[in-house]
Amino acid sequence: MAMENILSFLGAALRLSTPLIYACLAGLWSERAGVIDVGLEGKMLAGAFAGAAVAALTGDVGIGLAAAVAASMTLAAAQGFVEVERGGDQIVCGMAVNMIGAGVTAFVGAALFAEGGRTPALPREARVLPFVWGQDALTLGAFGVAAITAFILYRTRFGLRLRAAGENPRALDAAGGSVRATRHAAVAVCGLLCGLSGADLSLAQAAGFLPAMTAGKGFIALAALVFAKWRPGAALATCLLFGGLDAAAIRMEGAPLPFLGVIPTQAFQALPYLMTVVLLAGFVGGARPPAAAGQPYRRE
Amino acid sequence: MPALGAPPALRVFGVTKRFGAVVANKDISLDVARGEIHAIVGENGAGKSTLMSILMGMVTPDAGEIFVDGVRARIRSPRDAAALGLGMVHQHFMLVDTLDVLDNVMLGAEGGALLAAGRKRARARLADLSRAHGLSVDPDAIVGDLPVGLRQRVEILKALARDARIIILDEPTAALTPDEANDLGLLMRWLAADGASILFITHKLNEALAVADRISVLRAGAVVATHAAAATDARELARAMVGRDVDNALSRGDGPPGRTLLEARDLTARGADGRARLSGVSLSLRAGEIVGVAGVAGHGQSELIEVLAAMRRMESGALALDGEPVDAAVYDPARARALGVAHVPEDRSRHGIVGEFPAAGNAILGRHRDRALGRRLLDPGAIRARCADLMERWDVRPRAPDTPVGRFSGGNQQKLVFAREIEAGPAILLVGQPTRGVDIGAIEAIHRRLLALRDAGKAILLVSVELDEIFALSDRILVMHEGRIVGERATASTDRREIGLLMAGVVERAA
Amino acid sequence: EIKPAIVYDLGGKFDKSFNEGAFRGGERFTAETGVALRDFEIQNDAQREQALRRFARDGASPVIAVGFSHAAALDKVARDFPQTPFAIVDMVVDRPNVKSIVFREHEGSYLVGLLAAMASKSGKIGFVGGMDIPLIRKFACGYRQGARRANPGVEIFENMTGVTGAAWADPVKGGELARAQIDRGADVIYQAAGGTGIGVLRAAADAGKLGVGTDANQNGLFPGHVLTSMLKRVDNAVIRAFSTARAGTWTSGVESLGLREEGVGWALDDNNRGLVTPAMKDAADRAVDAIVSGDIVVHDYMADSRCPP
Amino acid sequence: MIARLGRGVPEPAAVGLAALVAMAVCAAAIGENPLGLLRALVLGALGDTEGLAFTLYYATDFIFAGLAVAVAYRAGLFNIGVEGQSLVAGVGLALAALASGGAPSWLAILVASLAAMVFGAAWALVPGWLLARRGGHVVITTIMFNFIASALLSWLLVDPMRAQGSMQPETRPFPPGASLLRLDDALVVLGLSPTGSPLNASLALALAAMVAAHVFLFRSRLGFETRVFGASPTAAHYAGVASTRVILIAMGLSGALASGVAINELLGAQNRLILDFSGGAGFVGIAVALLAGNRPLAIAPAALLFGFLYQGGAALGLDYPRVSPQIVTAAQGVMVLLIGGLLGRRR
């Protein structure tokens, strides 16, 4: 591969990793606080749609981004209310959020723009544009968010309480921390990051919204989270790996590889999921989720 | 001793708490002076833990007031409690296993939004405390890797590190060896001498008498007596706890034991954590005898009973039932039952029952393969009838086969488990902690039944942490220490002192 | 008065592709004649038959099914309603009451291939298809033939977005494929990928290269960055079908629409006038004449599943 | 029946009502008349034989999927992989059906259905085995297996199993014998007018499966062990229940039940293997099972509610072109969130 090909491949890998990084870190915030989130996909869709719709209506990318974050966080707040306040089953709530995200975006989009749920293609000023090495601010921001996540998680009071809420919420409660507040905050950050993830899809990568445009990325992010064993640095690395796989699949589609021949694209598509299963089954060293993840906390 | 004039460090006044129909705390009033160790004793369910939870802001009382240093305190959360100088060492440790000691100590009192400064301060504080009280723990150790005794030390350090002046300990000695318990007593004295006030919950009256300045007795949610430790004794306390003289007189037949029904040789097994828990245990059990197994919790008794009941795999060793060798490879709980081994598990709620199932379902748990319950399919009518019959014979209340068993009281749950296991007509009965969490009436009933079974020629292995129970029921006593049987005594020819020494691992001095 | 109806394929009537073409045709027909039109966007495969049958039973006539996937369902429903005139776009269904409308996309693709090769400075051009099906290979094959005619040495990169229906709605992947081709030197890229194609055109525009649109006139999407569009006049076909029905001159059987019938073509408007040199326009016009007259025969991939190199 | 749904579980009617209200609010928000919209929804799903038949046709899928979720749930296993299991079941079904040319119809149907069950069960057994032997969390592994199944099916249909010369990733049609009796065919034979729906004999199979699942869970010894394990794995161990066996049996049964979706869609309606034929029924099954409190006999009404919403939502499109049928997905989401919130965690 020539030098420029390598650079172009890396550029594609970075772009394709970006929504995964945001979504994976979103899941990390939530799950480290003890709230399993299989509803990343739904919140991403909400963010992608709101971002594109508002950017299309206002022509302003900044307002679009804000709307993406607001929509996703609204959904997260509803999810958080049921999960944290009502002790609702977190997996069920996550599935519900996915349904709501898929349904509401398509429905509102169809009603607003009469284009079958799509938003109009966005003009340049309503998009997040690349400015350096073909990369845009959201991509660079993803690295920043990973660093900030690691810092908050391991170096701050809030991070310590968040980890405690995910491992042993009773201990946090008994020590005078608020499990509720911690989990609500974590779910809110999760919503924020899902919003950015969705915004990256519709404002930076696709210049508009299409129904179901997340296409399982929320679940890939979940897979990456397991793969990263719920650690921020590893999450970043795993998402880059998965993005790289995607970029490789795009470049290698139909092209024969030495020794292997033509690899079906589906094999690339299934690879992250397969790797996660193999890891989870402890063939590569176990991945232990936060001990209290999935358990609603109630004081005795 | 309460200093005259000064207000008590802690005053509880008129605290009442109901859980539905249960009055857990009934108009409780109580003082703890500065520098005083105040013990609280009472039966299971008397309301001790509830009172402590109220003090720590984990439970909101229905009525009553709390004063700290004479000032009325509103404690709505553990944070409020900590701010008032209250600290608690919970019976079930409130520690985050994946964090290191330092982080656990800091949690909730981090001293700033960033951890770095707080960690430095906490490290220094731990060093101070270690020097002052001999409480040394590696601050960088991961808590999940520490043994129980050290974890409890971390809990205590947590309270001390945030300058708790009123320290509550809920059954702190339950998991400790006698030596460790002794050390803890010394520490409590130290702290009290230093001006701390200590509330100390225990089921062991002798412990309370040895360590406390004053002792309050709770019964059915109310304080029924408060005595100076020097002015009372165990007998008086027990009477206050139960409301009548405790009559331990049990009658037993005196026929000689029959043939050997269970014979174990050189059993070894590991615990759930992979550590060796049984090392070369041999024992035999004969028809018509009760063999008690004494020991400090965690020295292999649980594993022994689990191996015999086939719930835990033996790593090596041999087992014979009624003279027939058992193939360890195929020995599982179902097979054990089929071979006439019944098992009353020590952890009732985890193993013995399924709380959300109706009593009827629980009445056939593990016995569901019985063809009498239906040939091909299970017959719901037969199951209810079986349950009703068991309830009748064992006086399980209420007689409600369709009620989820989790709603029954602990004593009645235990009676149902006993009924299920015993009425199946086993030759061998393995019993773990038969009266844990069980009220005094049920205890008497269960003890009588066990003796009757013995007299009827069954072989019974009894594991209990309660020495009184062991002495009251056993014909022979085995003492376990660190996974070995370190002594065997006929009950008639030994005493509590000797057994206690054996339990502590002091082997031959007693011989 | 007739009661026309359209059933769209899964992409929906705003797919920026053939469904949308049918929708626009229906819209124009309604605007011109005032005849009300009913239409339905299916959500799953079970609804194909349901929708066709529903319209037929309600007395709709004619009923147009847009997309080859309707073939099996239409075959059944047309048998059950022999009096109702049906039409299907992009597929042949052999029933006496069915009009099969197919397009000679290879002819239009030939033209844009010719233009692309002439516009390319690098001598490298690209093609991004949607789902890898014979129909789209037919596009690619026509494009290749036209490009080779203009510049026998032209290098052509071909990519398909995917192998499932999702390939029609993945602008991110479309954009990445286009970028990869641009990185390899392509400076004109033709998309035949439905919604995915928007991503292709955008990537080309963002990189300062040229895209080529499909089906509808997409020159205006990124003015100055879309060389031209291969027009597939599903709209005209729909209008003609409805109009003949209205006039009582409806016929069944296969209707093949190519350059001669103005069923396909290339778009020239204010948005791309600056991009198309007189020489290019001249070459394209001559090619149109040659194809119409039969002097040039553009090979149809679907005839033998082969494309001349 | 309704009374049996009690114990804090909201009845389908109540939750359905909440969904309808949610839809009406959405409709009002975009300026449509909410009452007219609800009317169209109800009439579309229940107003005529066609709507009714489609409602039942969708409900058939949801019964199978709901049962699949419920049986696993009773064993304490949250099987989110019903979607993938039904897809893989479809592969087995198609292989058998395509090979059945010349065989008598009953044999073709029997063999194809069995193949579907075996494939569906096998696909569910892998996560089960990974849990039992390797401790792999079943929620995550089944989610991952959905994607793997979908990629597998796509590859099979694009490459080895694709019909010659087809534009679509799909197999050639099954031989004529390999199809289930359709209601419409029966109606035509009886001289009645057909409904135009693919409603077929799998509905009867679904109802039979429902009764069988009930008997299994509440009357059989294995079912008792399954429920004990689901409620308390520790108590199950004490009771001599072999955990590996229970996990494998529950997941196998769950996968076999999931194959019902393939039977209804492929043997009953499509008569060939196509991509994503289950159309998300596996996920709807989770909501159905929850709504039914994981009681098999309560699954039919819950499935009916979802079938009603599906068909009603589809019918809406005819009268309200501005209202995307996706409004139904949104309403379902609201319903599931409500169920989740009202139910709390049951284990």
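Letters A, B, C and D name the chains as they come in the text, with residue numbers starting at 1 for each one.
Definition applied: a contact is a pair of C-beta atoms (placed from the backbone, for glycine too) under 8 Å apart; a residue touches a chain by one contact, two chains touch by 3 or more.
Quick caveat: nothing in here was measured; it's all calculated off a predicted structure.
Note on connectivity: the fewest chain-to-chain touch steps from chain B to chain D number 1.
Shared contacts of chain A and chain D, meaning chains that touch the two of them, come down to B, C. When chain centres are set by their Cα atoms, the one at the greatest distance from chain B is C. Here the chain pair with the top count of touching C-beta pairs is A-D. Chain C and chain D, compared by their mean Cα positions, are separated by 37 Å.
Chain geometry summary: the mean Cα position of chain A and that of chain B are 46 Å apart.
Centre-to-centre separation between chain B and chain C, using Cα means, comes to 78 Å.
In chain B, no position touches at least two other chains. In chain C, the residues that touch at least two other chains are 41, 163.
In chain D, 154-155, 158 are the positions where the chain touches two or more neighbouring chains simultaneously.
Inter-chain contacts, as defined above, occur between A-B, A-C, A-D, B-D, C-D.
Remark: chain C residues 38-41, 43-47, 49-50, 53-54, 57, 68-69, 72, 91, 132-135, 163-165, 305 touch chain D in the complex. Interface residues of chain D facing chain A in the complex, by the touch rule stated above, are 26, 29-30, 78, 80, 127, 130, 134-137, 139-141, 143-145, 147-148, 151-152, 154-155, 158-159, 283, 286-287, 290, 322-324, 326-337, 339-346.
Interface residues of chain B facing chain A in the complex, by the touch rule stated above, are 53, 56, 58-59, 77-79, 81-82, 88, 90, 93-99, 103-104, 106-110, 112-116, 118, 158. Partner chain B is touched in their complex by these residues of chain D: 215, 218-221, 224-225, 227-228, 231-232, 234-235, 237-240, 242.
Against chain D, the residues of chain A that register as touching in their complex are 36, 38, 42, 78-79, 81-82, 86-89, 91-93, 95-104, 106-112, 114, 116-117, 211, 216, 219, 222-223, 226, 264, 266-267, 269-270, 273-274, 276-277, 280-283, 286, 289, 295-296.
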